[in-house]
Structure formats: structure tokens, C-alpha cells
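We just call them A, B and C in the order they show up, numbering each chain from 1.
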Amino acid sequence: MTWELAFLQALNGLQYGLLLFLLAAGLTLVLGIMNFVNLAHASLYMLGAYLGASAFAGSGSFLIAGAAAVFGTLAIGLAVERTTLLAFYARDHLDQVLATFGLLLFFNELVRVIWGPQSMYMRPPDGFTGTVSLFGALYPSYRFLVIVAGLAVALGMYLLIHYTRIGMLIRAGASNARMVSVLGVNIRLLNTLLFGMGAALAGLAGLMAAPILAVQPGMGDNVLIVVLVVIVIGGIGSIRGAFFGALIVGVVDTVGRTYLPLALRQVAERTIADAAGPALASMLIFLFMAVVLAFRPQGLFPARR
Amino acid sequence: MTLLSTRGLTKRFGGLLASDALDFEARPGEVHAVIGPNGAGKTTLVNQLIGELAPDAGVIEFEGRDITRLPSWRRALLGLSRSYQITSIFPEFTALENVALAAQAHRGHSFGAWRPARQEEALTRPALQSLEEVGLAERQGALAAQLAHGERRQLEIAMALVSRPKLLLLDEPMAGMGRHESERLVKLLDRLKGRYTMVLVEHDMDAVFTLADRISVLVYGRCIASGAPQEIRASVEVRRAYLGERYAAH
Amino acid sequence: MTWFPEPVSLRSPRAIAVMLFLLCLGLVPVVAAALEQSFYVTLAARILILGLAACGLNLVLGYGGLVSFGHSLYVGLGAYVVGILSFHGIGSGWVHLGATIALCGLVAFLTGLVCLRTSGMAFIMITLAFAQMFFFLGVSLKQYGGDDGLQIATRSDFGAWLSIETNSALYYLTFALLLLTLYLSWRFVHARFGRVLRGAKSNLQRMRVLGFPVARYQVVAYAVSGALCGIAGMLLANLTRFVSPAYMSWTLSGELIVMVMLGGMATIVGPLLGAVVFVLLETVLAAYTQHWMLVLGPIIVLIARFAKRGLYGLLK
């Protein structure tokens, strides 16, 4: 266990966490302000990856891929919202969960039909295929780009929430959604805006993830559940919670998977450690969530009422 | 001799002070009415007494025991019962089932998974009795969702009564009732006087002056006057609070 | 003692329809043998097993109003109990059954304790997360097959009198357990415990103020529900002679919810009806195209939109 390895793993944790943040930020607003459970967020992420990877393969330009991913997902997201999801805003959570579940299954199959069942791979854009030197350690430059992009989005969201009118509405809505609509704000427009923002962020996350993970049908499913864990830990409706929750989950998961099996070997017999290590590591963030829930059911950084 | 008391009860909602270091007490056997202009914090008081709202500061005592941090269900089992200003019943159950459910909480545990509850005398007998007391016995088989507004208010009372509570918290029981229904309800509460200790939050002054042994007047979360009905009726302070400065002294 | 927990007229159209329905289900192996289509028995057994799981879920979802998106966890656990015990040479069906009920009940109790600290959408998300946690646990247990799953050599041994080696025998065991579950659920719903659960779904706050420690009852109901799904899982592992983490996938959780909703939430027979219709629909669609999910996905959306009282509700 060298310090260099620990540092690199921490960076990986940060990178994973920021990717989770991109997904969590959009989803937590939809959950908290619109009171709408949207499992199809996973599909938007997946579509972002597919659209971005395809555009990149076709054009060779990362910027075009970015535009395709973000705007394509935004368009699809808004289309789905207008046609299908609108009817469910007033329904109870059970109906919303089922409807978005059906959409999730549909989109998983749709990408299989359009792009085929095999995984698609996207290489990092030119200029980011090598490594950068950070404090003497060599780190993949693309992953570093993800970190920078993620932090930039986080900063952008912070400025948006705290220094613009829309941000004020978002904060008000997170605090008391009903009051905002009663005050005469065009709630439909606000909802569409929120949903669209979430979709765009999800698409961006999909694009950023494509060179790192395999682009395949259903790639959003497992990630979505981790994002839900992030939101629960951070607090529903809270962007701050999404940010810190995502970083915590990202680092705990990445570092845990590396070091928990090693740590177990010190205290337990090798065969047991080798069996239990990876198992416990994969369960780690869920156990962490359970602990947070036991002591603070509203999350670590709840949106203030 | 005090059955229920609060000392320094304080509750804030953001910038709004709903209960302002409120001292309140209810004596056994009395009907203690709580009146005051809208927004005075009357329902907030009831919510804190029953445990649906946690006070920011202060102490609530029942039969000499500190119940400030006790969850609602434990307070109910100690003998506190409440009716709601906005009817809160079980619409999918019949009137009888509603009251039987209220009775069930006080008659042993509810882990029974075999015997049909409708066949349990221990539940249906007191439920029927309660429905008769409020005058709803012929509607026992009707779904609560299909009851008229006044009937639902009667059901509310029946549910609050069936457990033979030591203290009954009634939150605007006359709300939304027509004249005849109100009169009938006042007669019912009058019959119950002496048997039950009641804290009655109300706007209907006829009911208040008919039933109350003592009246407390709440304004902006504070009790500005408390005493016998005649004292309150004559009090300048109270008139000022209700009618405003211009009309108070006359 | 009366046998029916509520007044039921055996001559009413609804009662007759239910009895016919159950009778048809009971005759499936006979008909299948006559038509020499043994595949029907396997398919119908799978329907009954999922119906049993859906009935278990319905206790907390339909009657209790608790939207658990993680009940496939208990199905998977029950299946793994059989798989792991068989792997280590323990083949007794009675041990399998006891261990399933104990383990699934216990896990459901513990996860219920944590999940019920929240409500609403947080509850849905957390039940989903816990199921996923066990999914990953299953995947990482390499000695039991991990992602590829585990073959089970022989079916649970319930003794010479109750051999389930043939699919028909397994079918009838499943059918018997299902009928028992339906009956016990029926009694449960009309007993005190059922009333508390239904009252909590209807008006939680009032229940608390009336004097009920609601969470206690919800946790126990959750445990019972988990145990029932576990039994379904045990039967599933026996049917397929196989278990894998896929039995704990959240897709299955979602499908169970669809079955409950499609058949009729808060009805006794609804979930079973929903299982029959849903699995048949899936089977028929799959026969036409390998991309049947393109059709089933939107159908699920439509079910969520329009299935107010479910298919059983149409009968009332």
C-alpha cells in the first residue's frame, strides 16, 4: 500500500463521485421539488452515452459528441416528459415508479434494437489519451478531464442556485414546493426546466462515462441505484447533499473496493478474507446508507424547510 | 389539582411564534374552552398536547408525569384523546369499523391474524355504544366516505370517546356544522360534562358559553386571560383582542 | 368457528368465478398430460410461484400501502437457501423450508426496521437499494457460482410421501401452498392485524393518535411478507434446479409490483390473477418477437396509468 496508489485511488473515487454528482444533481431536484420518482433517469444516462459514442465514432470530434449527448438527451427527455410523464405528476409514487420502470425497460430494449446487444467502446478524445502528472503521480488525463468537468458543473450549479432568479425558485421549491405554485410561479414551466436540466446533466454524465465504462443496454440500471443511495445519504431535494453525498459514496466505494479486501487479510484467514472482502466491499455503500438512515433519516445535508 | 398542564410551551415556525412560553392547565372533570382570534395558536397547542408536533421548549405534564417527549401513541394509551378540526377518519371503513378500530388500540395487542375483528364483541360492543351516544347508530354499516359532513363530525367524536379517555381534546368540533347539528352536538357534549375532562377549542361562542367551566383566551400564542365565563365575557382585554382597540372600551 | 372471515355468498358470480379460476389452475397438470405438453406444467408452475410472491408482496403493498421495490430480494434469498444447502449436501426439504422462512423472515425484519424509518419515495428507494446490496453479495460469492449462478442437483427432499421430483408433484405442492397462503391472507386481512395495516395505509397519523405503535405492526407484516416471498424463491429454485443473482434483480421486484397492480391491489386473489395475465402476456409476446420488451414496457406504463382497481376490481 503505497501513498501513490492511495492518492490515485482517491482521485478515482473523486472522479466516480463527480460522475455520480452529475446524475444525482438532476434527479434530486426532480424528486424533491417535483415530488416525482423518475427511474427513467437511468435511460437518459444510457442514451447520452450511446448518442455521444455514436457521434464521436462518426465525427471524431468530442465537442460534436458532447452536443449530441446533451442536446439529444434533452430533446428525448422533454419529449418523453410531455407525452408520457405529464400524466403522472399528480399520481402517487407507486404509479410513477411503475410508469418510469416500464419506460426504463422499453429504452433498454430500444437501444438493443438500434445499436445491437454488444457493448460499444469509445476511446478518449485526442489529447486525452495519455497521462498527466499530479503531485508526481501519473493519472489518466481523461479521468482528470472528468474531474475538472464535474467540478466545473458543480461550480456552475452553485452559481445558478445562489445567484440567479431560477436558482431562487429552485431553493424555494426545495423548501416548500406547494407554496411556490400558490405564489403564482408558472409551475409547469419550472417543472419542465428542472426536468430538462436533469436530462441534460444525465446525458452529459453518459457521455463522460462512455470512454471509461462499456456502453451497453442497461448500463444505467446499476448506476441509478447508486445515485439513489447518494440522494438518500445527501438528502432528497438538496444539491449540496447530492454533491457531498456523491463524493462520499464515490470515495468510499472506490477506496473500499481496493483496501477492504487487503485490510481483511490482516485480521482474518486468507481464504475467508478473499471470499468476504470483495463481497463486503460491494455492500459497503449500502451499509453506509443504512447507518446514515438509522441516525439521520432525512439525510446528511437536507434541504432546509 | 391538575390533570394536564404546560409550562413555558414554545413553538416557532420559521419567523412565526405560534406558542409563546404558554402556561396552560386543565383540571379533572372540567370543560376548559380555549378561544382566540384566528392564528392565535389554538390548533398548534392541541397538536403539541397530543404529540403530533414537538415543542421547541417547555414542558407538558399529564397526571404529574412529563410527557413532552412521549410519542402520540403512548399518550393515547395514557388516556389522551383528540378529535380533529378537519375530519380525519378512515373513509374505506364503515362507521362501525372506524370506531371499532379506535377501540382496538386500547384493548390488548393487535397481532391477532386469525379471528375476524367484526366478530369481536370486545370491539363491536363499545363501538356501537359510542355510535349510539353520538346519535349515529343507524349509520353503522355505511362507509365513512359516504357519510354527510355533519355525520362525519359525529363519527370523529365517537372515535375520540370510545376509549373512555381521561382527557378529551376537541379541536373545533362545530366546524362546518349547520345550526341543528351544532345544537345536537352541544347537547351531546353537555351530557358528557363531568364524566370527561375536556379541552374545547372553539369559535362558536354559544357552544363555548354553554359548556365551559373555564375559558382561556389565546392571542399570538400567549394566554391573555383565563377564568370563569362571566369574567372573560366582561374582560376589556379580551374585547380588545377580538374587536380591536377602537371597539374594546364601551 | 366460521370458516369465512367475511360474509360470502358462494352463489355470487364473483365467488363462482374465483372458484372456477382456482379449479382451472388445479387441473393444469391433468390437461397438460392429456395434451402431452409438459411445458405447460413448467410454465404454470412458474406462474403460481410468482403469484405466491405477488401475494406476499400484496400484504405490505396492497393492504399496507408500503411500496417496496425490493421484494425480489426475498425470492432470491429463498432460492439461495436451497442452492447453498444443497451444495453442502443438505437436501432435506423440511430443513430448506425452515431455513428459508427463518432467514427471509429475519432479513425482512431487519431491513424493515431500517427502511420503515422513512416513508414515501425514500422508502421506495431504500428498499430498492437493499435488494441491490444483496444482489452484489450474490455476485461476489464466487464459491456459489457468482454471476453465473449455481446448479442444483436434486430437488428438496420432503420424504417418500411428498416427493417433488416430477414437475407435476412440484406443481401441486406449490398449488397447495398457494391456496393456504390465500386463505391465511384472507383471515389476516379481516383480523385485528389486518385492520391496523389497512388503517395505517388509509390514515397513518390518525392511527398513531388513536394509540397504535404502527411501525411495530408494519415491521412484522414486512417480515411475514418476506418469508412468503422466500418460500416462493425456494419453490423457484426447485423448479429450475438453478439459482443465480438474477433471482434478486430489481426487474423482478418491478414485475411483482406490476402483477399486484394489474390483478388488483388490496384483494386476495388479485395478485395471483395479475401473475397469470402478466406471465402469459410475456410468453405470448416473446413468441412473436425477441424484442417483446418494446411492447411490454409501454404496456406497463399503460397499466400504471389506467389500472385503477385492477382486473379483479372489474369483477366487483
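Going forward, a residue touches a chain if its C-beta (ideal position, glycine included) is under 8 Å from a C-beta of that chain, and two chains touch if they have at least 3 such contacts.
In this text, all values refer to a predicted model and were calculated from it rather than measured experimentally.
Taking the mean of each chain's C-alpha atoms, the chain whose centre lies closest to the overall C-alpha mean is C. Among the remaining chains, B is positioned farthest from chain C, on the basis of C-alpha centroids.
One finds 49 Å separating the Cα centroids of chain A and chain B.
Once the centre of each chain is set as its mean CA position, chain A and chain C turn out to be 32 Å apart. Between chain B and chain C, the centres computed from C-alpha atoms are 44 Å apart. Within the complex, the chain C residues that touch chain A are 61, 67, 69, 114-115, 117-118, 120-122, 124-126, 128-130, 132-133, 136-137, 139-143, 250-251, 254, 257-258, 261, 291, 293-294, 296-301, 303-305.
Remark: chain B residues 50-52, 71-73, 76-77, 82, 84, 88-93, 97, 101-102, 104-106, 110-120, 159, 163 touch chain C in the complex. Touching chain B in their complex are the following residues of chain C: 2, 5-6, 184, 187-188, 190-196, 198-199, 202-203, 205-206, 208-214, 217, 220. By the touch rule above, chain A contacts chain C in their complex via residues 31, 35, 37, 84, 87-88, 91, 93-99, 101-110, 112-113, 221-222, 225, 228-229, 231-232, 236, 275, 278-279, 281-283, 286-287, 289-290, 293-294, 297.
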